[in-house]
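Structures given as structure tokens follow.
Each of the next two complexes has chain A plus one other chain: chain B in the first, chain C in the second.
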Partner chain A sequence: MTVPGAQRRGLALLAPAVVLTAVVTTAAVGSVLLTSLGLLPLFGPATASLQGFEAAAPDLRVASRESILIATASTAVALVVGLTAALLLLRLAPRRRWLGAPLAAVLPVPHLVGAAAMGLLLSGGGMLSRVFGVEQSTWPELVGGPWPVAVVAEFAWKESAFVAVVVLASTSAALPDLSYAARMLGAGARQRLLRVILPMAAPAAAAASLIVFLYTLGSYEVAWLLGRAYPEPLPVMAYRLYTSIDLAARPQAAATAVTAIGLSVIAAAATLPLIRRLGAAQ
Partner chain B sequence: MNARRAALGQVVAAVPLAVWFAMPLVPIVLWAVAARWSWPAALPQRWGLTGWREAGAAGLPSAMARSTLLGLAVACLATPLGAMAGRALGWRLTRHSGAASLVLLAPIAIPPFAVATGLDTLVLRARLPGSLAVVLVLSVLALPYTTYILRAAYTATDPDLELQARMLGAAPRYVLRSVTIPVLRPALVTAAAMAFLVGWSDYVVTLVLGGGRLVTAPMLLASSASGTGNEPLVAAISVASILPLLAVVAGGVLVRRGRQGRRPAAARCRHEW
Partner chain C sequence: MSGDLRLESVGFRYPHRDRDALDEVTLGVAPAHLLAVVGPSGSGKSTLLRVVAGLLRPDRGEVRLGDRSLLEVAPERRGISMMFQKPLLFPHLDVLDNVAFADRAAGVPRARARAAARGYLDVVHLADLARSRPRELSGGQEQRVALARALAAHPQVLLLDEPFSALDPELRATMHALLEEVRAAFAPTTVMVTHDLAEAAMADTIAVLDEGRVVQHADIDALYRRPASITVARLLGGFSELAGTPVEGGYDCHLGFVPAPAPRAGEPTVVLVRQEALQVVDEHGPHAAASGLVVGSTRAGTRQVAKVELDAAAGAGPTASVLVELPPGVAPPVGHRVGVRVTGTLVHVPKPSADLESRADVDRSGEGAVDGALVRDRQ
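Let's turn to the complex of A and B:
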């Protein structure tokens, strides 16, 4: 843009969104960080210490592992199912597009509703145990059991719809023509999938996967409703400590939040260059 | 024959996916209209609306009104701000787009519970009303999505469009209202819908910053779902939380299909002229 004053107009357009975001995130992260270091106590003098981290350290390790497990498993299933659904919908004849309707129905469902639904589906006495006629005592503990099966199922279910929609939105314009051209040039179905379709879908799928990973790492309500009491993921641990009657637990709650923020930022920083490279390669 | 086999293959592959997406919604739909459904019956033994009566008594209508207002407030704040930022980024009106994008995408990498618990004491000290803090925080969480959607829409729109309207004598405000906004309408609707959903679906930010006074539909659902198994009540609140959204989605699809159906007729008219 060479119009004079355009630069200033550009900044003026950006300012409200950037200032609001910067103020809210800086205040929140700063407050969490200071609280975790004992510098923002609810009462009494501020004294810098790592006590919050030290007191929570054993639980922090277990909770971090649980969070990473849930986020990785959910993201992997969501990516595979979502990508498959997107590619299938792209290939479906226009007459069969209605098969994509369930996908559109899942997208706006709040995660809390999804969690309640998964509870009614997967718990002992839930719908699946009725359909298969398995006694409640022998039904596997999918809800609140030794493995976070129901938690991962809810995230994977909801987020596979998200991955599918993102991939569809970014590829549906160019992919049919390119795939047709590759076919005319003699590429078989396997070659078309590996050389044309997957590389075309990769940048959107990778970006969507990162968003899913970060979301599931930081989400509270699904694991709170469907998870076990121990080990618990970081958000559930943080909120439990935060609402503890013992106000001395506040620095530990903040240390848990700092750990969750740290993991998210590391995950984003580690994968963003890859996503950028995929986008540039296209 | 080959084409028929391929079509059959598509349906065979599509059915498990349709089941994957639809199945979790089946139990809440059935429980919402069940009066008695004891184990091991695969279907309710008696149908009825007990869950809805209990949900009504628990305050579902006013909770849904509050959720609607919260969603609208977030959409009203995050959509225009996202559109302004999207204009600056999509039309490259600034040299600082890298830094601005980084700030605007940051909320994706900060867990909402951390933002809410971090701000809680500050909000109390500043004596900000809890519901205002909830709206502001949720708008910040919605901004990455609205900005991204509208940046893509601006990138796909030629800036010369506005210039041409200006050269034809239209005032800037008129250009925005009659040229730019109509061109961007689909993206604006999508962005506003995303922002509305952020407000409508939120649980943890409302829980922490609302101080228990802002009872939205998710708050009601959480308290009934975590309590002793009152399945019809949980199902009724769940269905009430998604039915309006599905109605809006289906309405949007029908409207778009209607417009597409009309287009050939309009094109014919122009041709005859």
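Let's turn to the complex of A and C:
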């Protein structure tokens, strides 16, 4: 198989970043896997065992459920909001790219900053409760409450912008013209949405959703800042165990991280064929 | 399935532009007729189609299909299909589903819509590619599918926005033949924007647009014989422009006397001469209306055109050049002095200042050009 010149040049330009990322990721995953299996102990002899997994097992199930709940809810909201924003921009302002600037401005905001802002907005004494004049005692527990509302809101806010930008980037060149063509074939707004716009946006939206899901599954700082103490999602649990003064908890921390990696791999393996199929259809 | 399409005094200006993209455009296309719209880039051709399609709303004027005003009708309900310069096939659908799109959008069940679509694919000779994806097709095949898809929408009016311009000449000829077949079979009223005058020659009538105005609307023969203005003549090509001086009953130019019905005293004009109307003859022969030096030649297929720089003539100003079409097989006598004879009826004096007054030249009825034309026979 021959690789076209432009593609070869693109690969060459990407290579430094890809190689570095691959080396760091492989080293990190390898090290955490070995630690979880007792093969890279902080002290004592290396002995292969599943003790790290067994010790963390009861919490792992709960944390996995919490992680999946947060990731699924965040991804769903981000997908709906991001896709809607992208389609509205495509429909209302195909030639007014500046209208997309607020979306692009959200992307570089660090999640930590976003989490702090969301805390100030949604907490009992936060801005929203003051705006609505609701007593702190009667304001719902959006931050650190029984449901990870603030966590999902922060992820959804940031990641909806990501979804919108990805969908816009992949469809803005072709969709307006294809939409005109559909219109000239008698398709009304609903038919254009169902038969042209959504199918055309689907591959980008699906790929962006997978990235959002994997990111929210593995990100700890937002849930650590805005979530409740228990149950905690996998990344928060892994971070807590890893920074514990009990060094013997390191294999459990590694086992937790490996579980998060495993869930990510399963999610990617389940979704990638669908994304490929959607992409191949175009 | 075809309708009588009329534009009446249509005007349109894009936001933030200082001039109208369409200005007082009045045109008519009879049912099942083909109107070609030609003009320089930026003259408003594509804007005209988009106004008819409903993708742009005119600032003034009226667009009618039969007795019905289309201005308040959404593009998808106008009964108008449009083929664009790019095929714009839906990449997520196979060829058959692309052609079945209009029926599917109208709520026809998929099996029935696909069955009907097969018939249209047969028309464009692509039945064997029904299951292919658009990315697997060549440029010509894509445009044939786009044509089938447009026809499958059962349009009363078919709009073609330079749909064949990206194809090579052979494919373009194939598409022209296909378009003729389709017109014979379905008889849609058709409006085609094109830069290709050979393509425009397929049309029943041709409208020439310049700066948003229709400067002439006539059949191809009238257009070639009596261009309404120098702009039109330049667009068509093959015309020589000679300065004319008004004299009793006509104008004097480098090729001699040209009669005109009412030459305006003191107002110089331009005499337009088709290259086919001139013949290279012996410089000193009895038929030579003028003489000059062959300074160059161009070839288009088997046709050769010599450029002859005519000698200065009394009352006709300094030297001027004319294009003379040579018979097939005759080598252009570049560097030699020759005589030039006027052999045909393709000598024309456009209305004085036609370009300045082209707005007044517009034929409001849409059926022909108003001009100060005078065609003379100098056999």
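The rule we apply is simple: the second predicted complex is superposed on the first by the 251 of 282 C-alpha atoms of A that agree within 3 Å, B and C clash if a C-alpha of one lies under 4 Å from a C-alpha of the other, contacts with A are read in each partner's own complex, and residues count from 1 in each chain.
The rule we apply is simple: a contact is a pair of C-beta atoms (placed from the backbone, for glycine too) under 8 Å apart; a residue touches a chain by one contact, two chains touch by 3 or more.
It should be emphasised that the depicted structure is a prediction, and the values quoted were computed from it without experimental measurement.
Once the complexes are laid over each other on chain A, chain B and chain C both fit without any clash. When the two structures are aligned on the shared chain, A:191 is found in touch with chain C, with no touch to chain B.
Seen from the CA centre of chain A, chain B and chain C lie at an angle of 70° in the overlaid model, rounded to the nearest 10. When both complexes are overlaid on chain A, the residue A:62 reaches neither chain B nor chain C. When the two structures are aligned on the shared chain, A:200 is found in touch with chain C, with no touch to chain B. Once the two structures are overlaid, the count of chain A residues touched is higher for B than for its counterpart among chain B and chain C.
Of the two partner chains, chain B is the only one that A:27 touches; chain C does not reach it. Contacts of A:254 after superposition: chain B is touched, whereas chain C is not reached.
Closest contact between chain B and chain C, by C-alpha atoms in the overlaid model: 8 Å. Chain A has no residue lying at the interface with chain B in one structure and with chain C in the other. Chain A makes touch with chain B in their complex at residues 1, 6-7, 9-11, 13-14, 16-18, 20-22, 24-25, 27-32, 35, 40, 42, 81, 84-85, 88, 91-93, 96, 99, 102-121, 125-127, 129-131, 133, 136, 154, 157, 160-161, 211, 214-215, 217-221, 224-225, 234-235, 238-239, 242, 253-254, 257-258, 260-261, 264-265, 267-268.
Of all the residues in chain A, the ones that touch chain C in their complex are 174, 177-178, 180-188, 191, 195-196, 199-200, 281-282. Taken in their complex, chain C has these residues touching chain A: 53, 55, 74-77, 80-82, 84, 86, 88, 90-92, 101-102, 104-106, 133, 135, 149-150, 153, 159. Interface of chain B with chain A (complex): residues 7, 10-11, 13-14, 17-18, 20-28, 30-31, 39-42, 81-82, 84-85, 87-89, 91-96, 100, 103-104, 106-119, 121-122, 136-137, 139-140, 143, 147, 159, 193, 197, 200-201, 203-204, 208, 218, 221-222, 225-226, 231, 234-235, 237-238, 241-242, 245-246, 249, 253.
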